[in-house]
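The following pair of complexes shares a single chain, subunit A, combined with subunit B in the former and subunit C in the latter.
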Partner chain A sequence: MSNVAVKIINLVKKFGNVTAVNNLNLDIYEGEIFGLLGPNGSGKTTTLLIITTVYKPTSGDVEIYGYSVTRHGDIVRRLVGIAFQEPKALWVDNPYELLLWHAMVVGYSVIGARRVIRDIMEELDLWEHRGKFISELSGGTRKKVEIAKLFIQKPKIAIFDEPTAQLDVTTKHRVWDKIKALRDEGSTIIVATNDMLEAERLADRIAIIHKGTLKALGTPSELKDRIPGGDIIELRVDNRIPDGIVKSLIEAIEARKLDYSDGVIRAYVNRGEEKIAIAIDILSRNNIKVRSVSLKEPTLDDVFFYFTGARLEEGRIQ
Partner chain B sequence: MIYPRIITIIAYRDLQRFWKYKWWLAGLVAMNLADLFIFALIFRGIVRRDIVPDYFYFLAPGIASISAFAAAFTIGREVMMELRRAFHHYLLSLPFSRLELVAGRVVSGIVRGFIYQIPFIILLIVIAKTPSFLDLLIVVSTTIMVTASMSSLSIAISTLVKSLEFQATIRSLVYFIIFFMSNVFYPESIVRLRFPEIIYIMVVNNPISIATTIYRDIFTPHVIHETYSIEVLIAKLAIWTAILVATGSILYMRNLQR
Partner chain C sequence: MDIREDIRALLLVILWDIRKLGRYKFFLAMRFAWFLLQVLVFGLLVAKMVSIRGPLGVIDYYKFYIIGAYVAVLFSMSMLRGHEIVEELEDGLIDYQLSLPIKRRILAIGRALGGGIASFIYSIPMMIVIVLILGVNSISAVLAIALFSLIFASSLVGLAMSIALIIRSSDRLDILMGISDSLLVRLSTVFYPIIALSSIAIYYYIAKINPVSYLTDMIRYIATPEDVSGITVSDPHIMVVFLVGFAIASMLSALLLLDKRIEGGYSR
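Up next, the complex of A and B:
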């Protein structure tokens, strides 16, 4: 195994009686792109803010190359950089001044700063907006200004908190490419997201957290393999299914796990193509009308659902 | 470890934001000048000469210290705005120490104070006298101490009071106490005559009063009736500065990180 860049140890963070992070343990390796996945309020941002020394842990610690966020904050801040979920700017700021100041803080000379800012602002189509008030920019543009900070800074550990949540598809892909390029230049990347596609596209490894605790950890394909019964049968039905029938269905198709809610049955099985026929047979014999059937390989979304019992999209709406 | 470069950069940001309000500031300076001329020239004829020989020359140094105080005090409002928008999260994540951060803020408070005060110092030089080099040094140190202590005080309020609405109230309250419980508008001897002893003690020990007496001593010594020692005043102001800067810094460093 390569070097551990970020070590999260028994981390707990409470806000009053809300436990945002609940005994989290994670190792993030040097040079990887690590995806932190979880629905709203699962503690992603809180964890990242502790890593960047913005919040103090209630208990436990995080070590960045062995330096503790609680005891060696000054060193940690020189190694870590973050693009916040909510872009950090006051309304009278303008993007150019904001980035120029950021560049100078992270060590550029004035001339060097001007050069790098122009390059990155042009790449992200920000140059034309450089002199506007932040209050005049669209949400996505503000977000790009926030992300640009890390491409300027190139910190040893670069943290992106939901980097593409508000971006259009083309820009999303461009940002993903730039994040990968940043990794190739030597940064370790942490990306918090609840976008499955983003996690799948970017991350070498993924941690799924829910209510502040770790639910699953591994590469995207490892996680998919961990779902018992590789296939998922999804059936939409019209009538309500009595519990007894659900039970006999589970037995008949040898489902490892079966969820039934809102007229949708989701069964985790092996040899899905054979089981579909059995399932439909049982349901129609009990006068339950099947409106649609589908068989699919698990996606990360399914992985997520399996480990947390929650859909990411649902989380986003709440 | 403290790096002057980073403190300069932090202070630069504050000043850049200060500069965005330049017309507002120019308006305030103009208003203070109008105050001085209208007020002082009217009162000049009303106030008894045996109490204040010349109200115009009496008030001018006071306005100079009030202006430095007011400008330095704006830093607290800035800190409050940052807290409201969670902008301080960004500041806390950046590669500098908490001490450098707070030092940058206080330095910017000092510079804000100077920028605002300069027109009034020039006015004093024009209407009163050109100070010697040593006197100028005393003026500059006094301004540094007033602005450092007052920006620290306003930072302390911003980080100590949790509720943002309440914070604005407390800040105005403290501002007005310092403003009016001073010797800027009325001589200390009158305060002693008309008010309880405790008010008098507060007035003479108010950093703004101390600074005003120092400015008066240098530019318009003939307006002061009370006896005083310039060394004691400078020492008192230095003590105030040490206490307030230490308190403000500690609160800022402790309270920003939750």
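Up next, the complex of A and C:
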């Protein structure tokens, strides 16, 4: 994952007095699943619409494999595809005809289009709805029609804007598997989401965006590790622990805080998975029997809170 | 990208509008019924009350009227596409189309042509009615009427698209379309020959530059040349140039505005 597929350079987008994206810089590597995490109104969708050449930046640029969205729009549009947050279809459309039109626009022959559409529609349980008006479909089914466009298109850069919003749990997992399969077939994936579980399950790296600004960037575990004392190691012990051992334990595992009462040690550390072995070793050498061990990691919601000062729900911009 | 890909993309964009045709059967049936009523009842009654003398004698006002009625329907159906474009803007469908691997100019021209073809197809039953009533028995004349109707419908859709991209509100567009429908159709030679308008200067000069006048009189010239000799808005060659020029201008304005639309963004 060394080639930069998408390079966002000092990107700014303003709508009147409102700055939707504020000096954003990002490199997205070929073959990765990249998560844009932020509440509604954080600038995720605006960024995606600039990448897809729907909007032009106020300043800055985005390069797709070196092609500028402002200067090489025709080439960029051949490399990028997007499944929108809100399904895009005429109310008088039916899913089959809409997908057939889309498939042909992205380069399929009629015969090839019919074959791939049937496969994708069957995989997403859409086939039985193929002849209905879009207006007759549930929100979740419409969302699946929107996502199906990208699974048919298989672009070099596939952008999913909140791909599993409105979907049931089973379908969510199926869509996640298909997104991973699309990456395995050679697409670079960008997923914008405000769903923590989705970001954690899918993304190789995550950018946290809040009020149009990049707040943090890294793999999910890197971001969690950046919270001081974010991991909690809990150890249940049989014997009473002398104060000297508690002190050396704090030093050895670099705990930011350690609580000890009623035979339970609770240590707040970074990279907890590495510190567990150290803690057990110290206790064993001092003849203290450890009955159980557990490690609790921070959630991405904790990460978002740490970097933005707001919970995802609170962070929604009106 | 080669020319074949551009043509393929253009045809697919045109197909976007045409594939909606079958879904408006009831609307089209109602429109056709209304047109029949206008031509077979109202037109006959009006023709009995109106007598207009041209340079070569009294004009057959019934023939004059039904061609105007056909153009008025074609006009309103084409301008209706502007409303559809605003709906597509509001529903984000234009964003979807802008994200597809289609050149902007192909998209603009394709939507104007697609809308024009769809409007023309809607109006074919009406065109057949007037061709039958007028007794036009030359295939080339029928094809010429169809061709000019198609060019005009596409021009109007390009114009409606441009207006829609500026207005961006279905409510405001409804009002504007209502006004333009009333003014452009009435301040033209749709229902009155240009010689009858010459006594009201402002009316006369607006009709002289109104594209609706040019299509109406062009069709009259093709279908009933002997009846309209000397009373058309202009010389036939100039009418052809005017209609083609109007088509090019409206396509260009749609193309420029489509590009400007992404330049300015669309705040929702």
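In this section, the second predicted complex is superposed on the first by the 245 of 318 C-alpha atoms of A that agree within 3 Å, B and C clash if a C-alpha of one lies under 4 Å from a C-alpha of the other, contacts with A are read in each partner's own complex, and residues count from 1 in each chain.
In this section, contacts are C-beta pairs under 8 Å (C-beta built on N, C-alpha and C of every residue); 3 or more make two chains touch, one makes a residue touch a chain.
Keep in mind the model is a prediction, meaning the values are calculated, not measured.
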Fit-or-clash call for subunit B and subunit C when the two complexes are aligned on subunit A: clash
Subunit B versus subunit C as contact partner of A:81, first or second or both or neither: both
First (subunit B), second (subunit C), both or neither touched by A:273: neither
Which of subunit B and subunit C A:16 touches, first, second, both or neither: second
Touched partner set for A:92, first subunit B, second subunit C, both or neither: both
First, second, both or neither for A:128, with subunit B first and subunit C second: neither
Touching partner for A:49 - first (subunit B), second (subunit C), both, neither: both
Overlapping contact positions on subunit A, where the subunit C interface meets the subunit B interface: 15, 49, 52-56, 73-74, 77-78, 80-82, 84, 86, 88-90, 92, 97, 101, 104-107
Subunit C residues within the subunit A interface of the complex: 1, 9, 12, 15-16, 19-20, 23-24, 88, 91-93, 95-96, 98-104, 262-263, 265, 267
Subunit B - residues contacting subunit A, complex: 1, 6, 9-10, 12-13, 16-17, 20, 81-82, 85-87, 89-90, 92-98, 257-258
Interfacial residue positions of subunit A with respect to subunit C in the complex: 13, 15-16, 18, 49, 52-56, 73-74, 77-78, 80-82, 84, 86, 88-90, 92, 97, 101-102, 104-107
Complex interface listing, subunit A residues touching subunit B: 15, 49, 52-56, 73-74, 77-78, 80-82, 84, 86, 88-90, 92-93, 97, 101, 104-107
